[in-house]
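Common to both upcoming complexes is chain A, partnered first by chain B, then by chain C.
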Partner chain A sequence: MTTPVIDVKDLVVDYGTGSKKHRAVHGITFDVQPGETVGFIGANGAGKSTTMKALMGFVFPTSGEVSMFGNRCGTVESRKRIGYLPEVALYYPFMKARELLELYGGLQGLRSAYLKERIPRLLEKVGLGGKDESLLKSFSKGMQQRLGIAQAIIAEPEALIFDELSSGLDPVGRHDLRSVLMELKAEGRTIFFSSHELTEVETLCDRVVMIHKGRIVTSATVAELMKPLNVFEIVFQLPAGATMPETAARFNPEQDGNHWRIRIENVEAYSQAISQLAQSGATIHNTSSKSRSLEEYFIDLVKNS
Partner chain B sequence: MNAQWLIARSVLIEAVRRREIYALVLVSTLLIGAVMTVDFFKLEGLNKFYREVALQIMSAATALTVIVLAARQLPREFETRTIYPLLAKPISRFTFLNGKLLGVMLAAGFCFALFMGIYLVGVKYIGGDIPAVLFLQYVYLQMLKMLILATMSFWLSMLMNLDAAITIGVIFFATASVMMNAFTFIYPEADPLGKWLIVALNWLLPQLDVLDLTEKAVHAGPGGWQPLSIGMMGMLTGYALVYTAIFHGLAFLTFRRRAL
Partner chain C sequence: MATPITHTAIPSSANALLLLGRGVMIETIRRKEFYVLLIFMAIYMTGILIAGIVGVENEQTLVFLLNLGISFAYLSSHLLALLTGARQIPFEIENRTIYPLLAKPLSRENYLFGKWAAVTAAGLAVFAVLLVMSYLPWFFFPKSPSLSIPMMVQAVLVSIVSLGMISALSLLGSLVMPQGVNVTLLGLWFLVGSTAKNLVEARAMLSGNGEPLKWVLAYLPDFGLMNLFTRYTDGIGPLDAMQFLGLLAYGAIFTGCAMALSAISFNKRPL
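Right after this comes the complex of A and B.
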């Protein structure tokens, strides 16, 4: 059995003490296997960043176990094969881009000669080509985020953890970032990221872990999640005096003049409803199917919980 | 490259590029220049007075730089969140703290070196001898004093907000000498509890005055002060390192379990 890259078991994180104690994460369990790209989504305050911080050893679990590559999180060993991009980070404004990357690369154990060659290529890759000698105080938020990505991947880590992936990036930046991530994914690297951009999650991820109010509400592959997201709509007219067929009645028909409209989220029930409506002599005016996006699914999930 | 050196280098780059040190050196030099315009009734020996004042101003300015620089290192990292990508790298919090301390000390060394350069040029201009050994001992003990102040400021910045840490650090530096003299003065008159308290404070607070050779460095010479013995220098080094270890240890213990 392969060791998961990320292994979270019954993680509980509390902030504060006594009457000010607040539980941010309520015993969550999930893992990320080697080579997987997993999206971690949740509303603001759901516990995403706290979980990410527990992974990096920035906050300490109240209980539970968190490990990366089999090493307890917070240890130096656990961070050796990881690249991390924090949710919001500014970089030393008094430094040049090259100096900053030399600092982070050096801390990762990379040699100066290697960094001299790697840094210009890396800056090119994240869209900051030629900015080696620019002071970071002249960098916009988006440029800082790009630089953050560069520092995260400088040592070509086996796994990447990105907190709020595309935060601060403009559409071009997001597009560029997606290309970089696709490349990293194609190279077989493990990627675990949180994002509010659910279309990004849909596009990039093999699996999605949803967290809400500190609890995991869904952990499934994108294909599994998208399966029940199809909605079928039937618009029909019943003959005078006919009763509503049983299957159609189950889906809260809405009346609009002489017409009825039902929405069904299950393909079997949809076929059954069509067949019963046909038997009852109903006139079917229109049928359509619509795929709900992950975003709509997530919004419903949050609103209904 | 060594992780501590890399972190120290970033502190030094900040200190050198932010221009605060240059401003402080300039203001201090102007202040010393202003003092030198005073010619007390054409008294002889004013040269030594000027040199003593210059060294005291330079020492105070360096101490101020160290206190501010050390106290703001960690709070600034938390505030701007620059600490996250740093501690996400495979380095321990102890390494990080050591790197920060080394950086502050390098910056202190840079600042003090600028001052000493100005001092040596000044002495050449106004005349007077520089007792080489005693002067080097003075510089060495000043740096030990700065080490104590730096570790103390790191620890204070972990316990309270930045402004409070700087204020307390500066007050301690400014009043340390007066406080210790006052203790010596009132000790014989104190009741047993008071005496116990004075002795406790005497050991609890580092006595920065014992590391100050300003007067000796100025008044050295034939018939005057001679360099300290190796044994005495060793004891003073030990004294400074004990307080440094205590403050640095306390800073680390506070920082070690701090949620970021």
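Right after this comes the complex of A and C.
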């Protein structure tokens, strides 16, 4: 059996002690397999960053197990094959971009001769070409985020963990970042990231893990998640005195003058309803299918909880 | 397993030490306080040059100027190490620079030890530059003053250990108290702690219940013991070997204890 890149079992994380104790994560379980791109989504305060910090060993689990590549999280061994982008990070304002990447690359064990050649290419890749000798105190938030991505991928790690991936990036930055991620994904790297940009999650991810108030509410492939999000709508008129066909009646028809409207989420039920309506002599005025986005699904989920 | 050609063959702990050291050096050089020190030293050197033109008339004047320069080098390097050490971890946590750093294959102990070595090295670099400058008056004096070279070597070596001690204490302080409190308490203790300790001990001995207090005070580091430069400029000879090694061990024990406590505190700390 393949060892998961990330394996979280019954993770509980508490902050504070005594009366100030606050449970941020309530016994969550999920894994990320090699080569997968998994989006970790949830509202602010849902427990995403705490989970990611537990993965990196920055906060300690109250109970449960967290491992990466089979190594307990927080150990040096577990971080050797990982590139990490923190939620919000500033980088040493007194350093130049080149010096910072030399520091991080060096800590990953990369040779200085290799870094000399790699750093300019890497800065080019994240849209900071020619900024090698610029002091970081002159960098905008978006530039810092791009630099953060560069430091995360400098050693070409097997797995990447990005907390709030597109934070601080403008639309151009987000587009550039998406290209970088597509490239990393095509190279077969495992990517686990959180983002509030759900279109990004929809586009890039194989699977989505949704967390709400410290609990996992969904863990499914994007295709599985999007399947029930397709809604078919039929607008029809019944002949005078006719009764509502059984299949159509099941979907709570809404009356609008002489017209009736039903919404169906299942494609087979939709076909059945169409054929029964035709048999009963109903006039079908309009049929349409509408896809709900992941964003709409997420908003409904948060509002209804 | 063979090291890939893209990877360095240096062991990771030594590598981390060098890289973190370089980072602190860059910080020290690019921050304002380093230039403030240089300005003070430039003023001192201007004074020396004027004295050189006017003429250093006797050995006492030369020794006074030397004492002044060395004291400045000793005090400023220690205070710089204190300030640099006290801000390292709080700055990293406040600005979240610690996250990408500790996300690399770097243990918290290595990070802490690397910071200590880097802060000590930064203090040492400043001390070395200012100490060399302190000897400038020598060039204006026709004959060498009768000062003991072995004593000077001992004083320099003990100062290095003392710099390590203040760096370790400032790092420990930064983990257990607010930065301002840490700098104020440790700064005051460094400057007047030895005198205060002696005064308290003397008063306690006079009142007849000094032994327990003396025992308690022995657990506080005495920076006054670690400054042998006054002894050097007073023309006194070197310490005997046991006394000298004892002083080195004294500094090393306080440094080791401070670092061990720092590691315990830092390892338990969620970030």
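The working rule: the second predicted complex is superposed on the first by the 305 of 305 C-alpha atoms of A that agree within 3 Å, B and C clash if a C-alpha of one lies under 4 Å from a C-alpha of the other, contacts with A are read in each partner's own complex, and residues count from 1 in each chain.
By definition in this document, contacts are C-beta pairs under 8 Å (C-beta built on N, C-alpha and C of every residue); 3 or more make two chains touch, one makes a residue touch a chain.
Computed from a prediction, not measured in an experiment: that's the story for all the values here.
J.: Following the superposition defined at the top, how do chain B and chain C come out on chain A, clash or fit?
T.: Aligned on chain A, chain C clashes with chain B.
J.: After the superposition on A, what does A:Met244 contact: first (chain B), second (chain C), both or neither?
T.: After superposing on A, A:Met244 lies clear of both chain B and chain C.
J.: Answer with first, second, both or neither: which of chain B and chain C does A:Val235 touch in the superposed model?
T.: A:Val235: touches no partner chain.
J.: Once chain A of both complexes is superposed, is A:Gly148 in touch with chain B (first), chain C (second), both, or neither?
T.: both
J.: After the superposition on A, what does A:Phe60 contact: first (chain B), second (chain C), both or neither?
T.: Once the two structures are laid over each other on A, A:Phe60 reaches both partners.
J.: Contacts for A:Leu301 in the overlay, against chain B (first) and chain C (second): which applies, first, second, both or neither?
T.: neither
J.: Is A:Tyr114 touching anything from chain B or chain C once the two structures are fitted on A? First, second, both or neither.
T.: A:Tyr114 sits against chain C, while chain B stays out of touch.
J.: For chain A, which residues lie in the overlap of the chain B contacts and the chain C contacts?
T.: On chain A, the residues that contact chain B in one structure and chain C in the other are 15, 53, 56-60, 76-77, 79-80, 82, 84-86, 88-92, 94-95, 99, 102-104, 106-109, 112, 148, 151-152.
J.: What part of chain A is in contact with chain B in the complex they form?
T.: My answer: residues 15, 53, 56-60, 76-77, 79-80, 82, 84-86, 88-92, 94-95, 99, 102-104, 106-109, 112, 148, 151-152.
J.: Of all residues in chain B, which touch chain A in the complex?
T.: Contact set of chain B toward chain A: 1, 3, 6-7, 9-10, 13-14, 17-18, 80-82, 84-92, 257, 259-260.
J.: Can you list the chain A residues touching chain C in their complex?
T.: Residue list for chain A touching chain C: 15, 53, 56-60, 76-77, 79-80, 82-86, 88-92, 94-95, 99, 102-104, 106-112, 114, 148, 151-152.
J.: Which residues of chain C touch chain A in their complex?
T.: Against chain A, chain C makes touches at 5-8, 12, 15-16, 18-19, 22-23, 26-27, 30-31, 95-97, 99-107, 270-271.
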